[in-house]
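Listed next: structures, encoded as structure tokens.
You will see chain A twice below: alongside chain B first, and alongside chain C after that.
Presenting the complex of A and B:
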């Protein structure tokens, strides 16, 4: 059971948004889909969910081709930046209609989430603020109970309290009954410990797709005098460095040499720092 | 129990050690229940697999055990076991660092001995 992305290419005019992308999203895992602005994250999620179409390549969901296939597409729910509901529809009506399209939609759970977030069911979609529009979409996404949930910028416009509440609800639901969650976000620090696998997309290509723990275990930083650091990094796979009058910090892929400690200081790199180093121009 | 995400120490290890500390301090007594994977995961906003890894470390060491359908409980004798383990790690966790720093600062052995004696008298 998985979502298989095979050789997907997508152009917008002359701009190549996705360049021969292949990867697998396995079941019951939390994925972090990370990339800089314009890297192709939303394009990928929109192609997986059949909202836009690739120039070439295929998507299959649990072995079924996803293209124009209700049975396959019904296994996932994609929450994105666009709102696809009629603007004058009230939230409680959305719940009713969603149940028709997603039979596993849990109306009682949706109502309890709405209450926790302070989302009023009588409101019309067009009257919601940015934050509440996101909350409304999250409430639906967390209640449809499809095996795959795609969340594109799930915390856009949410205050710190509501972000905290969202992560808690997500983890509680996932922990009690695992499903696949693909989270695309720029707030890397907030999801760093939540996700199991990391997918990094840069200029339309996947540059990394592996377990977060493994990725982090295979990188480190070394700091010290510029001369000592330069001597140490010679011949190593250098990601980047920072200078502070004579003091240098270098970010390196691989495992640190156990020798030459003394004046050099070794540390691990957190996901956000590593992301910045990997995706810098 | 505090989790420091910037620490060099992996989070699953921090979970395991945090629970050990709580057992040593008596916050979780022997035969009492410890938090579930879901509770730990939600509370610290970490992947449940990470929480599971931490709890499994304690289960493998015989510090906690599973009651089917109920959850994880502290084993009888866990406190003694943890004290033994921590005593064995005491030299490496505290004494080695103390001596290294003393050497950097050129503090003599007798000065340290005096400090330790003073510390115990307080």
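Presenting the complex of A and C:
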């Protein structure tokens, strides 16, 4: 059981948004899909969910080809940038309508979430603020109960309390009954402890797809005088460097070389910093 | 020279979005307009910029009434949730068009910003991703050179590198030639050092409007055993409490009472935490 992305390529005019992308999203896992603005995250999620079409390549969901295949596409729900409901529809009408297309949609759960977030069921979609539009989309996504949920920027415009509430609800739901969640977000620190696997996309190509723990265990930073750091990093897989008031910090892939410690200071890199080093160059 | 908000009230149906709001935005200052989702931030900014109309109350800009007064409204530029340009317009056409309405619009600066952010001038507005739509709006807002700039969620959907780039450009522009900036954002930690004055809005009312330094200097936290903390906080202006593995932390307005330190640990509160305490209850 998985989503298989095979050799997907997509151009917008002359711009190559995705370049021969292949990867697998296994079942019952929480993925972080990370990338800079314009890297191709939303394009990938929109192709997986049949909202736009690839130039070439295939998507399969639990072994079924996804292209215009309702049985396959019905196994996932994608919360995206756009709202696909009529603007003048009220929230409670959306709930009814969604239940028609997703029979597992849990109306009672959706109503309890709406109450927790302070989302009023009588509101029309067009009257929602940026934050509440996101909350509305989240409430639906968290209630459809499909095996795969794709969340493109799930905390866009949410205040800190509501972001916390969302993370807590997501984890609780996942702990009770695991499913696959793909989260694309720019607030990496906030999801760093939530995600199990990290997929990093850069300029339309996957540059990393592995367990978060493994990725973090295979990178470190070393700080000290520029001379000592440069001597240490020679021949190592250097991601990047920073200079701050005479102190040089280098970010390196691999394991620290304990023999040559001396005046050098070794440290772990957090996911946000590692992401910046991997995508900056 | 200032924006004066006087007794502004606004309802949406039965919901009171702003309840008799009065405040002043002085010239050449950076303001943080903070509030939870649905607190009324965007409504206030939209009323100041004449995009929606108050039920009662007045706005004046540099002494001139703002209501349908081009001379007054021309002194400010509001970057908001909505895009007011035709969707099929290209970025470079927006630049030309903006110059007609804002003669101080700096086309060369806008083009250099677009290049720094990787925004392509030939792109149509409708083809922009969430992040690039924000970048596009920011580039225009940073180039119009009006005395007042209102930024409603200026980093919505921006990656960490682009957020940093925006903060740096804003500060550099402000340092070279001060103007008034009102920033409404949910990423409070990131702007905490940028803003000079803090305006906090809660359920349509201003609950705080003062210099950031003063606000932070007049609040603190105290941690220790529940018994010791409760004894200490008795009679003080308590904002809220947290319990974590036996340790109680209380957030208090005022100055620490040094005489009764004992086993208690005092600390400063950062702006994000203070905001949560002030708006949570």
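Convention: the second predicted complex is superposed on the first by the 278 of 281 C-alpha atoms of A that agree within 3 Å, B and C clash if a C-alpha of one lies under 4 Å from a C-alpha of the other, contacts with A are read in each partner's own complex, and residues count from 1 in each chain.
Just so we're on the same page, a residue touches a chain if its C-beta (ideal position, glycine included) is under 8 Å from a C-beta of that chain, and two chains touch if they have at least 3 such contacts.
Owing to the predicted nature of the structure, the values given are computational and were not obtained by experimental measurement.
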{"item": "Which of chain B and chain C A:172 touches, first, second, both or neither", "value": "first"}
{"item": "Touching partner for A:74 - first (chain B), second (chain C), both, neither", "value": "neither"}
{"item": "Which superposed partner A:36 touches (first chain B, second chain C, both, neither)", "value": "second"}
{"item": "First, second, both or neither for A:270, with chain B first and chain C second", "value": "first"}
{"item": "Chain B versus chain C as contact partner of A:57, first or second or both or neither", "value": "neither"}
{"item": "Partner chain in contact with A:240 - chain B first, chain C second, else both or neither", "value": "neither"}
{"item": "Partner chain(s) touched by A:195 [first = chain B, second = chain C, both, neither]", "value": "first"}
{"item": "List of chain C residues in touch with chain A within their complex", "value": "12, 35-38, 42, 81, 118, 127, 129-132, 135, 153, 156-163, 186-188, 272, 275-276, 279-280"}
{"item": "Touch list for chain B against partner chain A, complex", "value": "5-6, 8, 10-11, 37-38, 41-42, 44-50"}
{"item": "Contact set on chain A toward chain B in their complex", "value": "30, 164, 167-168, 171-172, 174-176, 178, 190, 192-196, 213, 267-268, 270"}
